[in-house]
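Pasting in a structure now, in structure tokens, and then I'll have a few things to ask.
For clarity, chains are labelled A, B, C and D in written order, and residue numbers in each chain start from 1.
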Amino acid sequence: MDLSVNIGNLRLKNPVMTASGTFGYGEEYLDFLDVSQLGGMVVKAVTSSNRDGNPYPRMAETPSGMLNSVGLQNKGVHHFVQEIYPRIKDLNTAIVVNVSGSTLEEYVEVAEKINELNNIPAIELNISCPNVKHGGMAFGTNPRIAAEVTASVRKVFRKTLIVKLSPNVTSITEIAKAVEGAGADALSLINTLLGMAIDAESQKPVLSTVTGGLSGPAIKPIALRMVWQTSQCVHVPVIGMGGIMNTTDAIEFLLAGASAVEVGTANFINPAVTTQIIKGIESYMQRHKVNTVKELTGALKIK
Amino acid sequence: MDLSVNIGNLRLKNPVMTASGTFGYGEEYLDFLDVSQLGGMVVKAVTSSNRDGNPYPRMAETPSGMLNSVGLQNKGVHHFVQEIYPRIKDLNTAIVVNVSGSTLEEYVEVAEKINELNNIPAIELNISCPNVKHGGMAFGTNPRIAAEVTASVRKVFRKTLIVKLSPNVTSITEIAKAVEGAGADALSLINTLLGMAIDAESQKPVLSTVTGGLSGPAIKPIALRMVWQTSQCVHVPVIGMGGIMNTTDAIEFLLAGASAVEVGTANFINPAVTTQIIKGIESYMQRHKVNTVKELTGALKIK
Amino acid sequence: MSKVETTRIPEKKLIQDFTVIQNIRLNARHFILELQSPDQLPGLFPGQFVQVLVEHSPSTFLRRPFSIHEVNKENRSIRLLIQIKGHGTETLSHIHILDKLNLIYPLGNFFTTGDCKKVLLAGGGCGVAPLLFLAQELNKKGIRPIILTGWKTKADIFEAEKYQQYGELLITTEDGSEGEKGLVTQHSIFRKEKLDFERIYCCGPDPMMKAIGKISKTHGIDCEVSLENTMACGFGVCLCCVTPTIHGNQRVCTEGPVFNTNEL
Amino acid sequence: MSKVETTRIPEKKLIQDFTVIQNIRLNARHFILELQSPDQLPGLFPGQFVQVLVEHSPSTFLRRPFSIHEVNKENRSIRLLIQIKGHGTETLSHIHILDKLNLIYPLGNFFTTGDCKKVLLAGGGCGVAPLLFLAQELNKKGIRPIILTGWKTKADIFEAEKYQQYGELLITTEDGSEGEKGLVTQHSIFRKEKLDFERIYCCGPDPMMKAIGKISKTHGIDCEVSLENTMACGFGVCLCCVTPTIHGNQRVCTEGPVFNTNEL
């Protein structure tokens, strides 16, 4: 059985990756699973310099989901290159760095530095974070700007360039086509949906930032729809995510048109879920007599 | 204690209404509750002529929500005027007709006919239905077109004109302002989010139409955020909805800026939920020493 | 004889907490719940169903519809025969005696009874659920039906004695381990030159209902089937459960679940 | 004496199904779960917590964190003291003996012990949870602490005898029905000219921890508090649980839950 998939020039041993911001730098999961079994691992967002993120509270539980407003807390790309990269570079899975920023220049600067790291075969350009005041999602909701930042990063980054799309848009396909045209090797979607939670008793917002990003099973129907729409209108591979909790969910994304999937929030509830999904995909393939996982991509039967 | 609210010239005895497509024409609920207790009742979408709607299956259950692709099934405005209106006109609650269509002319035609009905004090212009191929959501995702259809209907409809907004947009505030500018007396939001469900075993979409509209608690965080954003940028009242299951949810929408709420999917699970919410709001007001429910609108404390 | 029942005015629909008084496991995938109402039961008719609120199942958002399997007026109780399909029914299978279960009922129309004497009841697997109640009501009218049920294998069969009480029980199993080998629709009874039933009542998987409908048509026999379209509300407002009929899209929960095959 | 414990290498985190062997109701809003592991327990330290998967509660999506209240190595069991707050804890309160409960543990850092002799443990309401385990560990090191606990009223008090076993128990109640009247922070012990504790350990509502922190500072006493920020993961990856410290935002689940008030 062949579980491998290609994302641009990047070959993954299987289609199951972890989503940025939900898997730390992988190290935190070493007690729970063998990271080398993963198709890939997208590490926490990296920005040009240190960010403290937003004030506590940064989290609200919602029906079948959660809101977060972490806000890209990280110690900056220099720290990543110096301290974290050496520790994780030999984890033996495709390590993808989630590149974030507030300005076009910041994206370019981070991408340039990551380009130098031998064991980082790809970046995921995060133009869809709803939790930063400037930049983030703003880049991902306007096709022209999305294309501009993609093109600029493309110039300096020579390995696989994945661009992560925001679902907070009228037309995901318009953005997708713009980003593809600007040189993206692959698209990943969806980032979180902008939401809000209120404590009716205290009459206050739950999050310090009032709004935050919604993730988890609640958003799966929207994510599936966007992956389906997008994969039909671009030629580059699509990486699907949004509410994947188990094998069935992952298969649904593949059928809808995804070449690989990322698992996010589910890792918090079941830290070993990704390796369970890999095994689950294998037995699904056996049951359905599918030899290569690539056959599942876009195999949805629409009469 | 004063629970009454004003939506344009329309005075509701309390802020709790039922959402279109989830309450039939009210008659179906007579076994479960006293409809005259409701602030208002938005009846099922009415179009210019008979529509069969989409083929079965039209429904998929999703985490904390459901997808539907009913597709505006109704017998047309003539049938509504002749058969249904006489039966429901004396139900003694504010009856709002949800006006839908595929063309600008269709909206105008239906609105004109409803304008003649004495006991219909308001319409809700549905420019946000994701389940019709032509029209529907397309009207609600483009500010210019949304304004145009609002203005055209405004010319022929002399009573309270509520326009129902689609959440499937990059900027809900842009649409809201356009529609307000075109003469809407109030805005209601949100309609369903475009989603999709797949049966991994049969490898088929669950809905005959592939995509459908997502409703229920899953969408509440998004709905709350949009109500909050919208109510801060328009001067007309906002009617909030999306995933309201109980009193607490309803209060959250009021705090976020809604003057009234509509309850949708929850009616399927608990057909008496609306009257329970009305009682619940009363005890909340007692507990929080609030005399008029209007004080709760937009009372969210943001430091 | 006129179709007396169908003109009965439907009873008021109720939302009510029932008490679980029995939870009987029939086999790995089937169980019976007996539920007691705090009040007198309203008039209930075979073919009608209830909408059950499944608490404690995170992946069950909507209510779940089940046919009324048996009614015990004196005890104010009804029975549901349930097949474990997904999380909702799985959760119900673990419910404890004396737990409460919230029901909306009675819902839907019902089988026509009282106008025919010689009738066949045909059910596949869990499709037998409404047929026991139907057989009991027919008995009350002096009619002893033939009851034809189909199963995978002998071990799957349940409640055979019950059905035998109310009619002549015929059985098919797919592996021939009991009764005739094959599907319900392959039973020798259908191979007669001329079927002499006045009506066939049928409930089961879609292909079976289609096949029985066809047989009925060939023989000019009235045929009523009970559909199981997925439902959001169950009481006529969501329009999710429709089936195409000669009168256009009709709601299975309200104009159905029982349809005359002539109308489909 | 050096801070021996804090340099211990943390044990491997486990995901494990425990068996519920006791569910003891203390009063209307509190209960104790005793959970048995299939394997030997790893090293556990007072202040550490577990993340519990709450099944059968539709509105509980994430795991729920609870401090380790007691450890019984021989029996391979731990106890959790839980206050019913919302749906998650409500659902847990109805769990049956022999049901399984999935835990991620051991999580977080722990109280410093072994370097001080004269210590005070201060807890408000359910904040006492980690303090029993702490008192027991202190006892093992030959230290008998003073344990000060605060309650609304006499009827709310639980496990007093337990605490008395391991230290000198002082009580405050808001209505004065037992012990001294008032809040924990108003207890006469704090009105001494010079408090002679070497360390105060504190766990309870935020305002109480702030107040105790202030008192400690005034008297130059080392003070460790256990925070309860809301958590999504509990093992350091989501960054949702942060608290501002002198070292910047730190994760309560990983750098905490125990913090020295000097660092906050």
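FYI, a residue touches a chain if its C-beta (ideal position, glycine included) is under 8 Å from a C-beta of that chain, and two chains touch if they have at least 3 such contacts.
Bear in mind the structure is a predicted one, so any value in this text is a computation, not a measurement.
Which chain has its C-alpha centre farthest away from the C-alpha centre of subunit B?
Result for max centroid distance from subunit B is chain D.
Mind checking the centre-to-centre distance between subunit A and subunit B? Centres are C-alpha means, answer in whole Å.
Their C-alpha centroids are separated by 34 Å.
Starting from the mean Cα coordinates of subunit B and subunit C, work out the distance between those two points in Å.
So the centroids are 36 Å from each other.
Round to the nearest whole Å and give the separation of the Cα centres of subunit C and subunit D.
Averaging C-alpha atoms per chain gives centres 55 Å apart.
When the C-alpha atoms of subunit B and subunit D are each averaged to a single point, how far apart are the two points in Å?
48
For subunit D, write out the residues touching at least two other chains, lowest number first.
Residue numbers touching two or more other chains: 58, 60-61.
List, in ascending order, every residue of subunit A touching at least 2 other chains.
Touching at least two other chains: 62-65, 216.
Taking touching chains as linked, do they make an open path (line), a single closed cycle (ring), a hub with spokes (star), an all-linked set (complete), or other?
Ring.
Taking all chains into account, which pairs touch?
According to the stated criterion, the contacting chain pairs are A-B, A-D, B-C, C-D.
How about subunit D: which of its residues touch subunit A in the complex?
Listed in rising order, the residues are 12-15, 53, 59-63, 104, 229-244, 248-249.
Which of the residues in subunit D end up touching subunit C in this complex?
55-58, 60-61, 91
Which positions of subunit B touch subunit A when the two form their complex?
On the subunit B side, the touching residues are 60, 62-65, 67, 141, 168-170, 193-198, 200, 202-205, 210-211, 214, 216-222, 224-225, 228, 243, 248, 251-252, 255-256, 284, 299-302.
Please name which positions on subunit A make contact with subunit D in the complex.
Against subunit D, subunit A makes touches at 21-24, 28-29, 31-32, 44, 52-53, 55-59, 61-66, 68, 70, 73, 216, 265, 267-272.
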